[in-house]
Amino acid sequence: MRAACATLLVLATVGCAPVPSGAGGGPPARVVSLAPSLTEIVWALGAGERLVGVCAQCDYPPAVAALPRVGGYLAPSVEAVIGVRPDLVVVVPSPGNREAVRALERVGVRVLVVHDRTLDDLRASVRALAGALGLTAAGERLVADVDHGLAAVHARVAGLPARRVLLVVGHSPLVVAGAGTLQDELLTIAGGTNVAADAGQAWPQVAPELVVARAPEVIVDAAMGTEAGGHDLFAGLTTVPAVRDGRVVALRGDALFRAGPRVVEAAEALVRAIHPEAGG
Amino acid sequence: MRASYLTRRRLLATVVALLAALLVSIAATSLVGPVHASLRRALGPGGPSTPDYVIIVRTRLPRVLLGAVVGGSLSAAGAALQALLQNPLAEPHLLGVSSGAAVAGMVALIAGADPVSPLVPAAAFAGALGTMALVYLAARAHGRTTPHAILLVGVVCNAIAAAAIMLVNAIASYAQARGVLFWIMGALSTQSYALVALVAVYALAGLGWLVAHAQSLNLFAAGDEGAQQLGVDVEGARRSVFVAASLLVAAAVSVSGMIGFVGLIVPHLLRLVLGPDQRLLLPASFLGGAVFLVWADAAARTALGPAELPVGVVTALVGGPFFVFLLRRRLARTLP
Amino acid sequence: MTPALEAEGLVFAYDGRRVLDGVSLRVAPGELVGVIGPNGCGKTTLVRLLSGVLMPHAGTVRLAGRPLAGHRRREIARRLAVLPQDPHLDASFTALEVVLMGRAPHLPPLALPRREDVAISRAVLARLGVAALEGRPLDRLSGGERQRVLLGRALVQEPDVLLLDEPTTHLDLRHQAGIYDVVDAIRRERGTAVVSVLHDVSLAAARCDRLVLLAAGRVAGEGPPAAVLTAEALSAAYGVPVTVGWSPEARAPIVLARGRSGV
């Protein structure tokens, strides 16, 4: 299922190469962002006042709450987007928005498609957005800020042994972060080793017994819902070091799931979970 | 060639054989999983403190047992519904009850309940019961129901529920929407023997209730009037079977999401082998469905290496082609 | 003597259209009463009212002197059996399983067939000449074989009253005769009262003790076949010129519709 989604994502991108602005003249002044991560990037580039529409899931920074909503992250509304007369739409490919992107391009709206699955995606999308917005220098500064921030976080755990970590994103079924994900990268930066990195999928569904066999030292529970759920799920796995030593840590918030400027915050939160002794 | 009628001996022999197959399946699949665990180490000295013990006794066995109960419930409900509605395509999720459970469970999830907390199954169960009452009342006119009306109302309820799920997905956050979709797709996952025992007692009571109406279900084959003329209180029997089947489905869906095809395939297969007599078919479907789902879940656990497949994917991949095979066989037999 | 089955002043309407309008009928133990009449005259509705699957809007049906409405469904099924015109069938049941269903009203709901139930059912299949087919699923039987199996199901109910709704419609002459031969034997042996709806007026004349002619929801004639089957009455009821002859061998009238261009 997840593999199929990933395939669709890749397929969706093929048909959606960015189209140069036909409107001509200066950088776009009216921008629509169709992904929470891209909204955060546009804001961090200092172009927040150019946003004229965002997706329903865009919730950061809090100021975007006042902006018009133009449909969901997975299924934007073509009419609503056109209605705010954007001269640039930025979007992350998904199976649900492929047709919408095509429709926007057909009516001559400039659409910029970028990815948001890894740190490299983040750097590339920051530069692409900055270029499109005529803020190339701000883009380079933002990339450098993020890289410096991550390097500083990593420096705090540099002397410490890497801990074996399981990063949980769903409880029933049990879904965890695998290799090739932003979360896997952040986990490594925060001084962890992902015990599910060999599962062969980005978001593998695993049996609880795999948790027992892999014996993680820390379980980071980033699933939505109450903390009690994670407790029920792992409490019985008494041979797992994380459970034995009380290192099942709930991590709330969206920063960990967005390839945006807040990845540094997410990495810091992971350090607190994985290496509380590193302080900070 | 099957026997020309159901004797006590054949009933007992079949049930005992299937029960033995179930016990063997439970034992065998408890030793199958994405990681190796040694039963000897688990039961040896210091066993409870070994990972092997935790794997087999705390995670696998409760899951296998839950699979048996859920598979049995769905399959027995499917057999009963096929007879009740006189429709070979009837299956547990057709009644609308599952969608009611899904919508209520989804609302609980969106409201912030964790999928492994008891709140979600409780909400799902309540949703299932509510939908059951709704379907029954909507399908009733002048104190009577027809299989036709029950089917139609069930299908409409499913459509409404599917729309409600899509609606919530459109307005919920991405993470929430994804959580809901995974939960609905179905998974057998529990470490609680108490939950398994609760669902098992409940499922056996439901099965008993159905078996008590097995003869009436047989006589439904003569049509509503035919069944009445053979002494069946058609409306009462229909209500009883509808409620019992719905309760079985409600419990199964509440603890495991919508696992498809078990309730369609297993009764059909057993009907081909054992004949249509519900007095045999109902208990046999329960045991056969339990065996089927226990093995399907073992395949789901192991097929992809450390990662696992949703069990619904396995039942559909095995069940879908098999169903087409059955259909073709039936066509070949009935068409000249 | 109490009639085995008695209907008085039956009125029934579908959507306000009266299908039966004051029909009365009685049948004594061992008697065979034939119900004839044109299509749509209410024959099948009458059978459904007599078997209690429909409730009359006015009038009563009495089974052994007690109103049908006061009986439980199982009680009725122990005393009254029906061979329906268009039986619903799950074709995967075997012939013996179908016949055994007729024993259901005599068994507790959870019980499997007892040895005696199987013996009774096999005896009936043998009497109907289909004993060899007991293990065959219904969809492997011919129309005539199926009809006999269904009659078998009604007979093992061991009813006091047997309702037959056009039991021979799809049968050839030999099987038509065979069905009524078995019915006659059962009447003699058990004193079973039989009400049979018939399409074939000549067959009705040959086999029935008495006939009831229905037309437009009312009784247009009742009595011995020779009294009911007059050219005038039949022409009026069926709306077509009719010739009534006489068969000395059958000692019964023979009826032939001439058609409008007639002889």
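Per-chain residue numbering starts at 1, and chain names A, B and C are given in the order in which the chains are listed.
Throughout what follows, contacts are C-beta pairs under 8 Å (C-beta built on N, C-alpha and C of every residue); 3 or more make two chains touch, one makes a residue touch a chain.
Here the structure is a predicted model, which means the values were calculated and not measured.
Chains that count as touching both subunit A and subunit B, per the definition above, do not exist in this structure. Among the other chains, A has the CA centre that is most remote from the centre of subunit C. Among the chains in view, B has its Cα centre nearest the centre of the complete protein Cα set.
Mean C-alpha position of subunit A lies 37 Å from that of subunit B. Averaged C-alpha coordinates give centres for subunit B and subunit C that are 43 Å from one another. Subunit C has its Cα centroid 77 Å from the Cα centroid of subunit A. Shared interface positions of subunit B, i.e. residues touching 2 or more other chains, are not present. Residues 48, 51-53, 72-74, 76-78, 80-82, 84, 87-97, 100-102, 104-105, 107, 109-110, 112-113, 118, 134-135, 139, 153, 157 of subunit C touch subunit B in their complex. Remark: subunit B residues 33-35, 37, 49-51, 53-55, 58-60, 63, 109, 112-117, 120, 169-171, 173-179, 182-183, 185, 187, 189, 191, 301, 304-310, 313 touch subunit A in the complex. By the touch rule above, subunit A contacts subunit B in their complex via residues 1, 36, 56-57, 72-75, 169-175, 178, 196, 198-201, 204-210, 212-213, 215, 223-226, 228-230, 232-233, 236-240, 254, 257. For subunit B in complex with subunit C, the touching residues are 1-8, 11, 86, 211-216, 218-219, 221-226, 228-233, 271, 275-277, 279, 333-334.
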